[in-house]
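Heads up, the next two complexes both have subunit A, just with different partners, subunit B and then subunit C.
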Partner chain A sequence: MLSTIFGSLFTMNFLTTVIRLSTPLFFAAIASFIAASTGMVNIAIESIMTFGALAGILGSYITGSAWTGLLIGLVIGVCTALLIALFSMRLGASPILIGIALNTFANSLAIFFLYAITGEKGSSASLATKTLSSVNIPVIKDIPVIGQLISGQYILTYVCWVILILLFILIYKTPLGMRMRACGLNAGAARTAGINVEKLQILSLIMSGLFAALGGMYLSLNYVHIYSSNMVAGQGWMGIAANGIASGNYGVLLISALIFAVFRAVSLIFNSSAIFPVDLVAAIPYFAVFFFVTIVSVIKYYRVKTGHVEEQ
Partner chain B sequence: MKKLFASVLALMTAATMAACDSGEPTTGGDETPAEDGYKVAVLIPHKGDQSYFDTLAAACDEVNAEDNGITVELYECDPEGAAEESNWMNWFDNVCEDGEYDLVVSGNNTYEGFLYKAAEKYPDQMFYNFDYSALPETGVPANLYAANWALDDLGYVVGALSAAMTKTGTVGVVVGMDNQAMNQFIGGYCQVLTEKGVKYSVAYPGSFTDTALGKETTETMINKGADVIWQVAGGLGNGVIEACAGHDDVWCIGVDQDQYLQFKDSNPEWANTILTSALKNTGVAFKAVCGMLADGTLKDKMGTAEAWGIAMNGVGLAENDFYLEHCPEDVRAEVAETLAKVTAGEVEVVDTLEMTDYDNEWPPILNANRVD
Partner chain C sequence: MTEKKAKNVNLSITNPKVFEAIKMILSILIALAITFVVLCLISDNPVRAIVTILTGPLTKRRYFGSVVESFIPYAFSGLAAGVLFKSGAFNLGGEGIFIISGVTVAAVACNAITTSHMLHPVLCILAAAVTGGILMIIPSFLKAKFGTNEMVVSLMLNSIYSGIAMFLIRKYLLTTTTSTIGSRDYLATARIGYIYEPLRVSPCLILLIAATIIMYLIMFKTRLGYQIRLAGTNPKFAEYSGMSAFKLAIITAMIAGVLCGIGAACQLLTQTAFYQPDRSLTGIGFSGMLLSMLGRNNPIGIVIAAFMIKYLEQGTGVLYFVDRAVPAEIVAIVEGIVILLISSQYFLRGFREKRLLKEGLEKDA
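Entry: the complex of A and B
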């Protein structure tokens, strides 16, 4: 019994499952990361994903095109991010409180708009919506193994991969990225050096909103082809946790997000087996989050204690 | 800046208030009680579960649309599903205090405790529990009629249909949560499949909303060879249907309402994978109860609990055009035979709600012929 389960862990299907599950987590993780890079705290990832997911579907329904839907979703994501910027930077509210407010607000507001437009509160099932599809890449799809993995994924998964690379270049290889990180490390020093800290922080929040909205729209427009109430279901929080583990290290960020996706996929295999209690299995991804956060904290604690790094 | 702030604040307040507006009656809305009509109050946590709350809400609209002197007012009492006692008792006080309503309807295993308390508090008020899983230890209150659904029989029939339809010899079911009440759906299902020697996969994603997880769970199931997949998982079930729609040779079976009809116009690709749906006709029973209220026979039902089975059209399979077209005639004959057998009580169907020692009795039945 165990052998069949462990057998199914190392199959092509398992890897493609991981890829599909990792996309929203990557988006959420980089959304949290980019905001944190300039010292901003965006804990509203979950709600921006919800708004993006709904706005994408409704936009696609109203305009009749999935791509304009995507654009509308992005605009809504940016607007929400700007709302955070407005309240935290101009009006002096704590970004954590704004995040809590938005997260509390998100699902109900989404239901309100869903109800206003469809007359239903559960899902956008009654709307005939255009959605995005998956893509077969001509040459690559014929390569064995790699072709199966890389080709045939959803459009927004490829968008995600491209963004992951571009973001790396932006943060680590461009002067703009250097400045953004400088704001995050020490805003006062950065200001003294002539950097417009506020501008960069707003920029990072806007990018954060874009990424989170893409993550939400991956779920609704691209993956399940419907908006269903509360469909983000904690994936935004996993992205925030990944960023917490990474604490500024991009490589660790991506690995953490990937690990969460792997554990989500593992829990899928176990939840249809008789071996472990399902409640325990459903907790696997969250337990993984807890476990890795703890490990990283312990490592950090000892590094600070032994004087390898200074406490920040 | 201040102006902008003020307008943003005003906008948000307006939106919040609008979002909270669900406390108002959403149907009926006639403030003055009709002199010789009947008034029914329905208290549910919220609409939008894509399951039987929605079915019930639709039935309320239908009763209101018919001109038979019955006015139904639907109240959404608990949008967050917090199941807080003070909130629910407050709602019951509101509808029971003036004796304005002839019948007060509520139910579901999470909320029925409040209903029983209200029934005790207002002995002159008639109550209807539209779906009970447990009755008070003191027995059914004398002013309450409780209904539930022969889900065990329903699962048995779905199992028989799945066994007849599978080409691979493996079928599957996705159940939102692993608990005694949800497992009532699949007790008979596992039983009949084991009898017929068909392998089945049972998955519990542990959520009713995470559609992505629903889709991946189903993909995993399909990879194991399952080609007829039943979903019993609310909104998460959308993911199950989506996954089935992506495979030409996989059928999906819907739940609660006729899901083929639900998606036929908006999403034909989904509709065309839904062979039939396992109906839990909350609406049919509610309309019948309203009828009994009007002709005065409901009083005789007070103090009783009743399982609505196949014979009473409480549960059943959706026999729509799509089903008739795509389900071979011999399979349909077999299903009809099973339906008749179950209705006649010739089969002893496993019912998890009637198990005295659930923790030990259930796993052997669940795992009898299950695929790992």
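Entry: the complex of A and C
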């Protein structure tokens, strides 16, 4: 019995599950990363994902098209990001407190809007909503193994992969990206060098909002096909954790997000096998994040202490 | 002459305390105004809706009693978040601490360790307080020692604790009478009764009042409280003046955990007959953080905020009998707007500065 579980860890099915579960984590991770790159703190990713997921579904319900739903979700994501920018940069509120408040409200507000607009409570399952489909890529789908992995994924997974590449180019290969990183490293120096720090910070928050909203809409429009209360379930925080582990390193960021996705997939497989207690299995991904975040900080601490790395 | 002058200064917006109060009242009014606009959009009778929300709990003794009873665990949670936030620690672990302390409460309450009606609830509360006090330390310890991101760690622990709580209840305390996932019924000796039944005043209320006073005294009258506040406003200065940031972080987390544990015990032993980890205590820990922001991290402010929010929720509950278009979650809108406005340093500041300038000029002239 146990061997069948470990056998199933190395099947194609498992790898495709990892890819499916990794998409929202990638979106959350880059949302946290892009905000941090200019020195902004966006811990409201969880709530933007919730708002995006709901707005996408409601948009598709009202307009009858998943694509306009997607557009509405993106607008809501940007609006939330601008709200954070307004309160933290113009009105002098702590971005961490604003983030905690937004995250705590997100579910209540989502339930409220879902109920006020459609009369449903907690889930959009009974609504006639449109969703986005998965895509088969012509030539690639016929290649064995790789074809199965790369073709047939959801549209937003491909969008995610394109964004991952574009974001790398933007941050590391363009003058704009260099300026953004300069703001993050030393805002004062960047300002002296003639960079409009506030403008870039707002830009990075807007991008952060867009990515987080896409992550949320991947869940509702692509993966689960409905909005249900609490569906984000800590994935926004896993993105923030990945960014914390990476501390500015793009490669480590993506690998961390992927590792978290692997643990989520493992949790799913164990859950269906009913060998281990289901309640503990459900906590595996969270424990993995807890473990990695702690270990990385302990290693950093001892490296600083023994003088390998200078304290920042 | 001087007396009159002092009185004048106290009532002017230039006094920080008066300014805070004005800001708070204005924020609440703005929030209520926006709520009214939302009610106009979703309800056929918005005037009745807002009047019912604001006065509903007063119409029946039972409704008001429900507020008196239900706000207690939220107030404890708020006090816990308040002491953490005040010390500058963003440990968001209250939610998980509530849920895992609930397991200890259930374990003690379901077993006949004593036959005394007085002692059994006390033992439950103590067990929960010890559990909370110890487990809340984990994120704060990691942060203070290794610089770990305490927000991420504490949130992950919330999910881990709720998994462990479900596991423990399912494995050791599972009820045999119903099909729900929950503990057995508590023994009758463990339940906390009412002191004044019509308004549902229980010993928990006295416990809360005592805890609030103690927290107020600790925060504003002791050296520990001064250190906590200093660490929150200026951690570098606190460190250079010789305080142990590590020790302070641990003590603060322990106080917060104890408060969460007591809150969990109060909730379970007055309002439930058995413990369901995925239902009985969920959301209280997170609400506490919002209440702490509403009360500006001041123990008395937090308890008032908890009462007000529960009052409004009860109001929407009363409204639900007559107007099904308005969900109870509308309270979240009021709460959200007030929090955003009062945590904005610059909201109304321009107005205050103009007054300060004017007064200064008058004084010169």
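Here is the rule we use: the second predicted complex is superposed on the first by the 308 of 312 C-alpha atoms of A that agree within 3 Å, B and C clash if a C-alpha of one lies under 4 Å from a C-alpha of the other, contacts with A are read in each partner's own complex, and residues count from 1 in each chain.
Criterion: a residue touches a chain if its C-beta (ideal position, glycine included) is under 8 Å from a C-beta of that chain, and two chains touch if they have at least 3 such contacts.
None of the values given here were measured: they were computed from a predicted structure.
> Label the relationship between subunit B and subunit C on subunit A in the superposed model as either fit or clash.
After superposition on subunit A, subunit B vs subunit C: clash.
> Check whether A:Ile140 is in contact with subunit B, with subunit C, with both or with neither, and answer first, second, both or neither.
Touch status of A:Ile140: no partner.
> With the two complexes superposed on chain A, say which partner A:Asp279 touches: subunit B (first), subunit C (second), both, or neither.
both
> With both complexes superposed on chain A, which partner does A:Ala128 reach: first (subunit B), second (subunit C), both or neither?
A:Ala128 sits against subunit B, while subunit C stays out of touch.
> Give one of first, second, both or neither to describe whether A:Ile150 is in contact with subunit B, with subunit C, with both, or with none.
Neither partner.
> Just to be sure I read the superposition right, which of the two partners does A:Arg90 touch: subunit B = first, subunit C = second, or both, or neither?
both
> In the overlay, work out which of subunit B or subunit C sits against more residues of subunit A.
If we count touched residues of subunit A for both partners, the winner is B.
> For A:Val224, select first, second, both or neither according to whether it touches subunit B, subunit C, the two together, or no partner.
Only subunit B; A:Val224 stays clear of subunit C.
> Given the touch rule stated above, what does A:Asn271 touch, subunit B (first), subunit C (second), both, or neither?
first
> Please work out whether A:Gly244 is in contact with subunit B alone, subunit C alone, both, or neither, and reply first, second, both or neither.
second
> In the superposed arrangement, does A:Ser297 touch subunit B (first), subunit C (second), both or neither?
After superposing on A, A:Ser297 lies in contact with subunit C but is clear of subunit B.
> Pick out the stretch of subunit B that clashes with subunit C after the overlay, from 45-53, 81-89, 153-161 or 261-269.
Looking at 45-53, 81-89, 153-161 or 261-269, the stretch of subunit B that collides with subunit C is 81-89.
> Would you tell me the residues on subunit A in contact with subunit B in one complex that are also in contact with subunit C in the other?
In subunit A, positions 90-91, 105, 108-109, 111-112, 115, 121, 233-234, 277, 279, 282 sit in both the subunit B and subunit C interfaces.
> In the complex, go through subunit C and note every residue touching subunit A.
Those residues of subunit C that touch subunit A are 38, 41-42, 85, 90, 92, 142, 145-149, 151-153, 155-157, 159-160, 162-164, 166-167, 170-171, 286-287, 289-290, 293, 325, 327, 329-333, 335-336, 339-340, 343-347, 349.
> Quick check on the complex: what are the subunit A residues that touch subunit B?
1, 4-5, 8, 11, 13, 17, 20-21, 24, 83, 86, 90-91, 105, 108-109, 111-112, 114-115, 120-123, 125-129, 219, 223-226, 228-231, 233-235, 264-265, 268-269, 271-275, 277-279, 281-282
> Could you list, by residue number, the parts of subunit B that touch subunit A in their complex?
Where subunit B meets subunit A, its residues are 1, 5, 8, 12, 15-16, 18-20, 46-50, 54, 79, 172, 178, 201-207, 209-213, 215-217, 219-221, 223, 235-236, 238-239, 242, 262-263, 265-267, 363, 366-367, 370-372.
> Help me check something: in the complex, which residues belonging to subunit A touch subunit C?
Against subunit C, subunit A makes touches at 43, 87, 90-94, 96-98, 100-102, 104-105, 108-109, 111-112, 115-116, 121, 233-234, 237, 240-241, 244, 277, 279-280, 282-283, 286-287, 289-290, 293-294, 297-298, 300-301.
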